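Here come two complexes built around chain A, the first alongside chain B, the second alongside chain C.
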Partner chain A sequence: MSDLPKDYDIIIVGTGLTESILAGALARIGKSVLHIDRNQFYGGEFASHTLNNLMEWSDKIKRYPDIENDREQNDKSCFKKCNNDLGKYYTEIEYSFSDLETQDKLLKLSRKFTLDLTPNIFYSRGQLIELLISSDVAKYCEFKMVSQILTLDRDGNVQKVPTSRSEVFKSNKLGMLEKRSMMQFVQAVLKDDNFNELIEPEQLQTISFRQLISNKKFPQIINDYLINAVAMCPNEKDNALKGLNDTKKFLTSVGRFGDSPFLYSMYGAGELPQCFCRMSAVFGAIYYLDMTIDKFHINSENRIESITTKNDKEEFKFNCKNLIIDSSYAPIDYFKSIDNLISHCILITDKTIYKNDDGLDHISLLFLPKMKDTDIYMIETSYASNCSPQGYFVVYLFCRNTRKTSRENFEKCIETFFNIGELDENKPNVLFSCFYSHIDSDYFVHELDKISNRPNNLHFVSGCQPKLDFDHHVEQAKKIFNDICPNDEFMPKPPDPEDIIFGDETENKNEISKETNQNETSE
Partner chain B sequence: MSNTTTNDKKEHLYKILVIGELGTGKTSLIKRYVHNLYSPNYRATIGVDFALKVINWDANTLIRVQLWDIAGQERFYNMTRVYYKDAVGCFIVFDVTRASTFEAVIRWKNDLDSKVSLPDGSRIPCVLLANKCDLAKENLANNNEQMNEFCQDKGFVGWFETSAKDDINVEKASKFLISKILEKENAIRKDEEKQASDKLTLTNENKQENKKRCC
Partner chain C sequence: MHGRLKVRSTQEQEERKRLEREKKLKAYKFAMSECLTRIKNKDYDQVGLKISEELLAANPDIQTLWNFRKNIIESFEKSLNDDDLIKQFTSEMNLTEICLKKNPKSYGTWYHRQWCLLRSNSKNFGEKTQQLNWKNELGLCSMFLDLDERNFHCWRHRFFVVRHGNLSKKDELEFTYEKISSNFSNYSSWHYRSKLIEELYYQNLIDNDIFEKELNLIENAIFTDPNDQSAWIYQKWFLLEHQQSFIKELILDCSSKKLSFKFAKDFDLNQNLKFVKLNNLDLKLEENFKWNFEGDIWNGNLNNIINREDVDKLLRNLYEFKETKIKVEIMLNDGGFSNQILLDLNFESNLYEFKSKFQIHDLKLDSEILNKHLTNILELNQFEKETSKWCLLKSIELMCLIDYVKYKDKIFYFLDKLASDIDSFRKNYYLDLKQKLIANNQ
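What follows is the complex of A and B.
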């Protein structure tokens, strides 16, 4: 470690998605980048774990000591001590197995599970997919279609939502008239950006999407499809413009790579930060994981000059011109307890929630509006994405926390879909469950940015949001990139390795110097 | 990785990793093998994932070998999964003049085996390279019997003394590794048929793009 360079253009702390995109973009244009993480693994809040590692991760967070005691060190004004207590960021972590026998069985398969701390799926025309393609980082990753978009009908049954034209026409849930009115609406949404055929311009932000749809007097089933499965905008605060834009995003994504609008990352969402980190490393960034960030030093001009890191044995100081830092590492005296929380649940089950006749393994999305007063996103993956062994399913639930504990948010949802108490042979059994909540770091970053004496070369980055897609992170990365390098291009396509012919500079120089030597001797 | 057959000529694409401690000569070995160049002053490779070599293996077989050098993570064993993914062979390189680089070999081998395996679950063929054999040895690789035993013990398919500088055994070691990969061909192909059917890699010009798009 002593042979590491000491000076960097940018030091990035945390290997979550936004930080990793930034590392890639900055290294790509030739900036010197040091990228650090406190964990032994990539991804931070976005990591994917095996079953064993997920258990270790939650045990470790539960063990984090209360670090209030460390505050006494923080009396000098020339440095700020960073937060290293993930127990301040995550709360309410718990996990359990259905019984001991199942536990043994699952733990033997531990490595075949890929469990995402921040699961997500991506619109085929979302910003993340566009960035992967335009930057060529897509060559590092593989995707599968989210093959089933599901919805819960009024009788409490799970229904598959038709997404392509042929599926709409094949559907036996819709009558001929219903099919026609749905297609007409779809065509009107795609026609122009102001949605002139559907709504008066002044109403776009004044009425809700729900209101707009109900004004159209569609049959109930189409209302439900459009509001809950296509736009996923069920609330009064979701205005017509948002709903129509989300509908359009859904519709334009259909057909790009297949019949479904959504993609799922093979081997889990934790692959994505690593793809950007690989690109960053190929362009010279230095990676150092399992490294604690201790404190950072602020100079008299209120700029961060350097950071101190430490591992078991030693302390190191690195200088930087800019510091990008995941908000969970924010200095202790900036760190606040925040009431806005996001809750997650990971389940391992033995059956799918929607049995399709085709006998294939699927990846499914189910949006559950107002499930116990919060909207819940449910993603079910299977062997299809290489995230579980054959015969097992992984279900992710996430939402804004409105309850006391993370578990309480999902209780009703779990009762609806899974075997709890009464045995129903058709319902999946829950073999393993894990619950956790964390600070809504978007809100936290907003608070951090308001701190008046915040050094101006310090950039905070937020973690996951209870939303589909990672567009938010691409936007955030572009914004910070622009602040640091306003005149540079954001992640241009790198040269194709198959096109590169090595003409080695040093080799040429050597030959030249040899020649000059010879000349000298001959003289 | 992928295999295609055209006009009875088989084509294989193999991803081979080149790992080992800093300064053991990984990049030099790759450049010697792929471009037949040697220079004592390589800097870390910037902007390139792999070097490609196309080999006419025999009258019926064309092999495209991607040699993946490790990038800025190399000092600290912090490889991304992306780097290991889909690899079918590996060279672990140490420097015969520095004992510490040999001691790290086991750590690299363990890391490799914990992060990647062939589709049938078996270990990927890995060859140990005792590089810089043109220079004085630190009493490491000069006992053949011991080295053979070490390789057997640690699961290497073989080892070679190499020198990128004097072009010793570089070609031979690569041929040996590729022949070991070809022996495993069935294990590699099995996966292709089973899994790849609906896997998507994203490019801008997707075939489906112009199909009707509509809800």
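What follows is the complex of A and C.
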């Protein structure tokens, strides 16, 4: 590392999604970028792990609080020491296997599992997908359709929600007139941006989406579909405008790539940050993993002028004009105890929660409103996404934490769907479970931005949020990009590789004329 | 501009492309002239196959070369043993598949493939190798239909395969259901379904509940989207087009001056007939004229009519000049039918004949089901607040079909609504339809 350049336009710390998008965008317009991460893998909290690696990772976090931080040095005004204690970010983590025999069996298959720390699915017309297409980064990644949108009906049965015209047509759960009223609503939502056919303009903000739907006097089944599966706006505080906009986003996403509105990243969501990093590297960014930021140095104008990086063996100093860091690396004294937590759960099971007749492997989404006063998102993936071996299923649950521990949030949900305690052969068995919580970094970044003497060329980015899609990260990346380079285009499409000229231009021309000469002589 | 990429300008790109094109063109012209010489000299050998293969792979639309290949293979048939012939046919199948991937709508390629299939299967090669197997060919069709569900070449090819390979049409009906489910706006799949049903009908393989099933399928589609034409057009084919051909058979014998009808419905022709016209000549029947009912056929002797001289002249002309077609028009008292039927001359029997195709009446048309269908469509019409053009128009057609007199007021109300409000662009069409209904039912 000693032979690396010392000066950079931008240094980015953390290879999470927002950081990686920024690395790509900045390198693309010719900025010099150094991109580092404390881990040996890409992605930070967006990484995907094998089963073994997930266990290693959580064991490491559990050990963290033991590491002593030399706090006393941190109060000087010329530098700030950064946090490298992941235990400050992940407030709890635990995992267990159902029994020893299963543990052996699963560990043998460890490498066939791809377990996402931040699982997610993407609207086909969401900002992330649009960005992947417009920037051509899409060529590095693969997606699968989320083939089943499920909902839990009043009787506690899982139902498949028809998401497209053809699925409404096929559905045998809906009567003729129910089909019509659902389609009428869909058409009205798509008609214009003000939803004039559905609601008076002054009511958009004042009544809830739930209220709007019940005013329409639809049959109960349609109410459930629209509120819980399409808009996913079950709460009184979700106003009609939000619900209608979310419905619209869902509906416009249907049909872009298939009958479902959602895409799932093949081989896990951890692929995405890597795709952006790859593009960034193509445009000259320098990558150094297993290297963390120890502290940054502030000059008299309250600007960061350099950082010190460090790993087990070495320590270096690099100069930069801007510093972008993931909030989990924020200076130690910025960390306060934060109550806003996000809880996650990863399960490995032996059956799917909704058996379809077609015998295929599916990727499913199930939104569970008001499960113990929090809304839970549930994603089940299978061999279809190459994230698990055949015959095994990976279930992700995430929500805002409203309880003491992560496990408590999901208890009721797990009881509903899985075989716990009393034996029910139809329900899937849980073979492995992992629960963890981390601070709501979006809220944290919001607090960080409020700090008054914060250096003005320091930018914090946040991690995952308990909602669908990564739109939020694209917006964040765009905002920081605009702060740094207000006059440049955000990730324009790269040129066709064939048209890029390497080396001297005239050489190329000679080659072409040589070719033509050969042709003429051959005749 | 430090660190930015150097990119070729559009001029340079075009220059590169132009040079590539020139190179290709030279090779193409040379190979083509070589093939044409070989065709002229009837030079049928492996070299010709090789050259034409490369040309076709680049441009599958050269019919001349496909014919050249057919000639070569025919000449091989005399000299090669079966195993080598199978190899040759298989390589034709591979070539056509490559060509179809390049241009899935190449007439010549599809035709060549059909030729190969027919020719090889007439020698029973299809049983020996998978690629020449009829059933296997369905897989290729499915693949191309996945790529383009409206590729009519492929739909036709599929029908060809099912017919010649004698494959299960019921399985195909299931296949069309899947295709319709995945996109019911694709009329190609509905049309294929209608072809299959006709085919099943001719072979007496049709299920008894088909009437109910098809109407249910149609209703599912129109309730999901009443403004989509496909299901409505299929409904028209299913209910109305065949309803009108209530005549199952019509035979005119010019030498014995006999006219015979076979109807789909049971009724008394003597009481219900309003008029019959032969090539626009109205037959003025005598008062004591009687149609004789024998078996299920109504016969009439054309000697017992008032204007028999005109009729004689007409029949004589027909007979002498061996006109190939004659137009018959028939109108009944009770229905809104005014059918023009073209009879073809059968050269063997010297009779003018008409035999109807597929008819819904043979499927034990259940008026209860039909009434329920109308009720559903009227309900949908209400639900749409009478603003759906297709709903209104189809209700009119159905009401005419079921009971014109009973629904008369509603029919006119709907027609006026369409003409004045919903679809005023086609105002005159609706007014015309109204006049026609009034005239026919006076």
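In the analysis below, the second predicted complex is superposed on the first by the 494 of 523 C-alpha atoms of A that agree within 3 Å, B and C clash if a C-alpha of one lies under 4 Å from a C-alpha of the other, contacts with A are read in each partner's own complex, and residues count from 1 in each chain.
Just so it is clear, contacts are C-beta pairs under 8 Å (C-beta built on N, C-alpha and C of every residue); 3 or more make two chains touch, one makes a residue touch a chain.
Quick caveat: nothing in here was measured; it's all calculated off a predicted structure.
In the superposition on chain A, no contact is made by A:P219 with either chain B or chain C.
By the touch criterion stated above, A:P495 is placed in contact with chain B and with chain C alike.
Judged by the touch definition given at the top, the superposed model places A:I286 against chain B, while chain C stays out of reach. Within the superposed three-chain model, A:F169 lies in touch with chain C and out of touch with chain B [touch as defined at top]. Of the two partner chains placed by superposition, A:G87 touches none, neither chain B nor chain C.
Once chain A of one complex is fitted onto chain A of the other, the partner contacts of A:P389 are absent, as it touches neither chain B nor chain C. Once the two complexes are overlaid on the shared chain, A:L177 sits against chain C while remaining clear of chain B. Shared-chain residue A:Y267: touches chain B; no touch with chain C. A simple residue count on chain A separates chain B from chain C, and the partner touching more is B. Of the two partner chains placed by superposition, only chain C is touched by A:S32; chain B is not. Chain A residues in contact with chain B (one complex) as well as with chain C (other complex) are 165, 168, 183, 284, 494-495, 500. Of all residues in chain C, those touching chain A in their complex are 1-8, 13, 15-16, 19, 23, 26, 181-184, 219-221, 223-226, 376, 379-380, 383-384. Those residues of chain A lying in contact with chain B across their complex are 1, 4, 42, 129, 132-133, 138-145, 162-165, 168, 182-183, 186-187, 190, 230, 250-252, 254-258, 263, 266-267, 271, 274-275, 277-278, 280-290, 386, 494-495, 497-498, 500, 502, 504, 506-507, 510. The touching residues of chain A, counted against chain C in their complex, run 30-32, 165-166, 168-170, 176-177, 179-181, 183, 259, 284, 494-495, 499-501, 505, 512, 515-516, 519, 523.
Residues 31, 34-35, 37, 39-52, 66, 71-73, 75-76, 78, 80-83, 85, 195, 198-204, 206, 208-209, 211-215 of chain B are the ones touching chain A in the complex.
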